[in-house]
Amino acid sequence: MKAANPSSFERTPSADVPPVLEVRGVWKTFGDAVAVESVSFDVADGEFLFLIGPSGCGKTTTLRMIGGYLEPTRGDIYIRGRRMNDVPLEKRNIGMVFQSYALFPHMTVAENVAFGLRMRGVPKRERAERIANVLDLVELSEFADRYPVQLSGGQRQRVAIARVVVYEPDILLLDEPLANLDRRLRDSMRVELKKLQEKVGITTVYVTHDQEEALSMADRIAVMEGGHLLQLGTPSEVYNSPKSPFVATFLGNTSSYQATVSSVDGTFTDLEIDGGLTVRVVNGGDLEPGENCLVSVRPERVALFKASPPEDQNVFRGQIDFLSYLGAGVEYIIRIDGTDVTIRAHEALPAGQPSHREGESVYVAWEPGQTVYLKG
Amino acid sequence: MTVVETDLGGYQKTVVDRLAPYAKYLLLSPMILLMLGFFVIPLLWLLRISFYESRGASGFGIGGAAGQEGGGFYVEGTWTLDNYVRFFTDDYFMSVMMFTIGFALLVTLVTMILAYPMAYYIYRAPPKLKTALILIVILPKLSNMLVLVYGLQMLLANNGLVNELIMLVGVSDEPIKLVYTLFSATVSKVLLVIPYTILVITATLHTLDPSLREASRGLGASPFKTFWLVTFPLSVPGTLIALLITIVWALGAFVSPSLLGNPETQTLRSRFRSRRSRT
Amino acid sequence: MGAVLRKYAWHAFAILMCIYFLAPMVIAVLMSFTPSRFLRLPTDKWSLRWYEAFFNDPKWMESLTNSLVVAGLTIVISLIVGMAAALAFSRFKFKWGTTIYTLALTPVFTPAVIIGMSMLGVAYQTGMWGGHLIIAIAHSLWAFPLVIMVLRVSLDGLDRSIEEAARGMGASPFQVFYLIILPLIGPSVLVGALFAFIISINEFIMALFLGTSETETMPRVIYPTLRYRLTPLVAAASGILMLVTVIGLLASARLMNLRRLVEYNRSQ
């Protein structure tokens, strides 16, 4: 299934420009435990790639192998075409931003930013100029002589980024950089970080477990689980056409059901799910009658009607079981009449008041094209 | 997506890179050399000497005279159990040894009885007091033991503060002889031994999960029951280590009795010393 | 009522213990201020005459010099050995880590007589016997485990990602050590040095076994004087030792939270 409306900022790496980072069949085992299993991907110049997954999925291990903090058990990592496996991390020219920021507490902001330049033997005069520029970029010029303890969380975060951006590393590596900030700051930092990344144009790999972060900032997202790379694609690809049940459920809310194909009819296919309901999907041409698959639909694709639902859609009548108010929207859980099947529906609330109440009878409806199916 | 085969040649490893995998052993090597050369091997050497045939001369000949050619009190390259046989059949040595062991056990007992409650007190003390108490406890261990012993001597002397206090309270009209008694010997030796005992037990108590104590209290146990049924049993392993350290120290310290106790409380080691100084 | 009484008894016990720990030292130091020719507590008058005598006596001054040389060497040896080992223990995993660590601490729990006596052979065979260095090595056996303990608490408290960040920014392992780790654990290194100094300056039995009259340290001069010629001069010497020790300990307490030494969970 193709994304309905690809946004303009989504980029896929083009084949003619060599990728900045290549991860080739990388494994990492700790004793008997496999942390990362045969992971491969490329990151193009200037691309913003997200590694996302639940804790323990191997995303941080992968990031640390790229940075040289861990050595792959098997497989190769190339940065700008150079094999990195034996290269000690201080010679890799990477910029790593830690969740704890890891600012040097005994150095001022300017000294922290100067560190990478000093290590590269940049002359003092040039150093001062570049530090001034980068502090200007992150809007911390007047804090140059402060120590990290004298800064707020958001400011520390910006110093942590400034001090690696300043020496123009080949790749910027971010390990849950926003996890230690409170929600409001996190939202504004997300925007700032994205803008900064675009302004500097630096190739970036970003690890997070926060799907909102990934969906809002990424050029491409790599979803990992249990050491495997499950899917790699643009945010709308992984969100709208997940290739596995895990990806479908991990990114955003979804209602999913086990189903059996009952009839194939040209572009449309009918599937029977538990409770005897029939759901219509758009056939990609790969479904045969009798096959088992998983169908799912995003809550925001499901519309509710008090009466006269549209035709040519999947329509069921049900009762609102539960309503959760989310501020900017409301989520309903509807139980389909005569079954135990429930479905989630999301309603944006521009006017402020939910249009339905708990216990109300409604029609749920969504277009067959919005139904995602996964074979197997 | 093409695999770009543009490996820019192998990375030239520096000396540091080559040594990096061995870093942890390199860092440990000074300690291992020091420990082997000046602790383990010397101890084994001491053990080996005990199996040499004696040359008849008594004493520990190395200091000065033994340095000369052929000097020393043992015959190289010999193996014998004679020294042990002589030791265990010599009434004098045996009596000294029995006394040393008995005295060490007494010191250990007193030390443990005093150390555990003190350690527990430190463990439960508020932070600032805790730091102060640790300083006070560690002071005797780090101070010069002669200063300590002679300070005690002054304190326990017939005209010392303790006797003045005793007479003031009216327990006795005359000063009680405290110096050169088993009492003073014990008091001084315990003071030399107890600091590490207290610190080891305190450290052990700190390894316990404080929530266990809270849970016990929450389940209705009194503070005393909590200590007896939860804290104490959990602190036993560390306390046993403290006990071991205490016994070793109690057997090992040898100067204080010869300074403070009467001749009967001289331990094997101080006996050994005085023999050496005579030869 | 009983509970209150128990509480008072509890505090009283602790106070008595503290008196037990402190009184001998306090008495020893007070004696040194007596104007009398005999060792007794100064009752109405205080005097520094015995300190004057101490600093005017070439024999005592020589022993002070010897003590300082040995203490200086002890600091160097125990810091090198202890710092390297502390780095190894806190930054690397060893198969028998806990066992090796416990073994490394055994010398500090070994009585001085045993160390002193057993080292005679090595001292003699290497020709180091009677020198400052061999005494310092013996003292280091007591000092380096303390350096390891102090530094390990401090090293384990450092955020590891700070070092990783420095490496990622291009610093070599050595640069990370002297630009990042050393400045951050500086106070603890100083505490380790102070502990080594205090141990060495006060230690007497090993110095007795391994030194000669050429390398007599202060405690070695105190010992016979104490046995045969009890004058307040000894008290002055003791007073100086105590002064150095107490100042060293208080400085350590300022530099580092000594509580962490016992609060630190070895099993982590």
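So that you can tell them apart, the chains are marked A, B and C in the order they are listed, and the count of residues begins at 1 in each.
Everything that follows uses one rule, which is that a residue touches a chain if its C-beta (ideal position, glycine included) is under 8 Å from a C-beta of that chain, and two chains touch if they have at least 3 such contacts.
None of the values given here were measured: they were computed from a predicted structure.
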Original post:
Of the other chains, whose C-alpha centre is the longest way from the centre of subunit C?
Top reply: A
**OP:** Could you tell me which two chains share the largest number of C-beta contact pairs?
**Re:** B-C
Original post:
What chain lies closest to the overall centre, CA atoms only?
Top reply: C
Original post:
Where the centres are mean C-alpha positions, what is the separation of subunit A from subunit C, in Å?
Top reply: 56
Original post:
Between subunit A and subunit B, what's the gap in Å when you average each chain's C-alpha atoms?
Top reply: 59
Original post:
Where the centres are mean C-alpha positions, what is the separation of subunit B from subunit C, in Å?
Top reply: 15
Original post:
Which residues belonging to subunit C are in contact with no fewer than two other chains?
Top reply: 172
Original post:
Where does subunit B touch two or more other chains at once, residue-wise?
Top reply: 20
Original post:
For subunit A, what residues touch not just one other chain but two or more?
Top reply: 91
Original post:
Quick one: in the complex, what on subunit C touches subunit A?
Top reply: 159, 161-162, 164-172, 175, 179-180, 183-184
Subject >> subunit C - residues contacting subunit B, complex >> reply: 10, 13-14, 17-18, 20-28, 31, 39, 77, 80-82, 84-85, 87-88, 91-92, 94, 100, 103-104, 106-107, 109-115, 117-122, 124, 129, 137-138, 140-141, 144, 172-174, 195, 198-199, 201-205, 219, 222-223, 226-227, 234, 238, 241-242, 245-246, 249-250, 253, 257-259, 261-267
Original post:
For subunit A, which residues are in contact with subunit C within the complex?
Top reply: 67-69, 89-96, 98-100, 102-106, 115-116, 119-120, 160, 163-164, 167, 173
Original post:
Any idea which subunit B residues touch subunit C in the complex?
Top reply: 16, 20, 23-31, 34-35, 37-39, 41-43, 45-46, 49, 60, 62-63, 66-67, 114, 117-118, 121-122, 127, 130-131, 133-140, 142-152, 154-155, 161, 191, 196, 199, 202-203, 206-207, 245, 248-249, 251-255, 259, 269
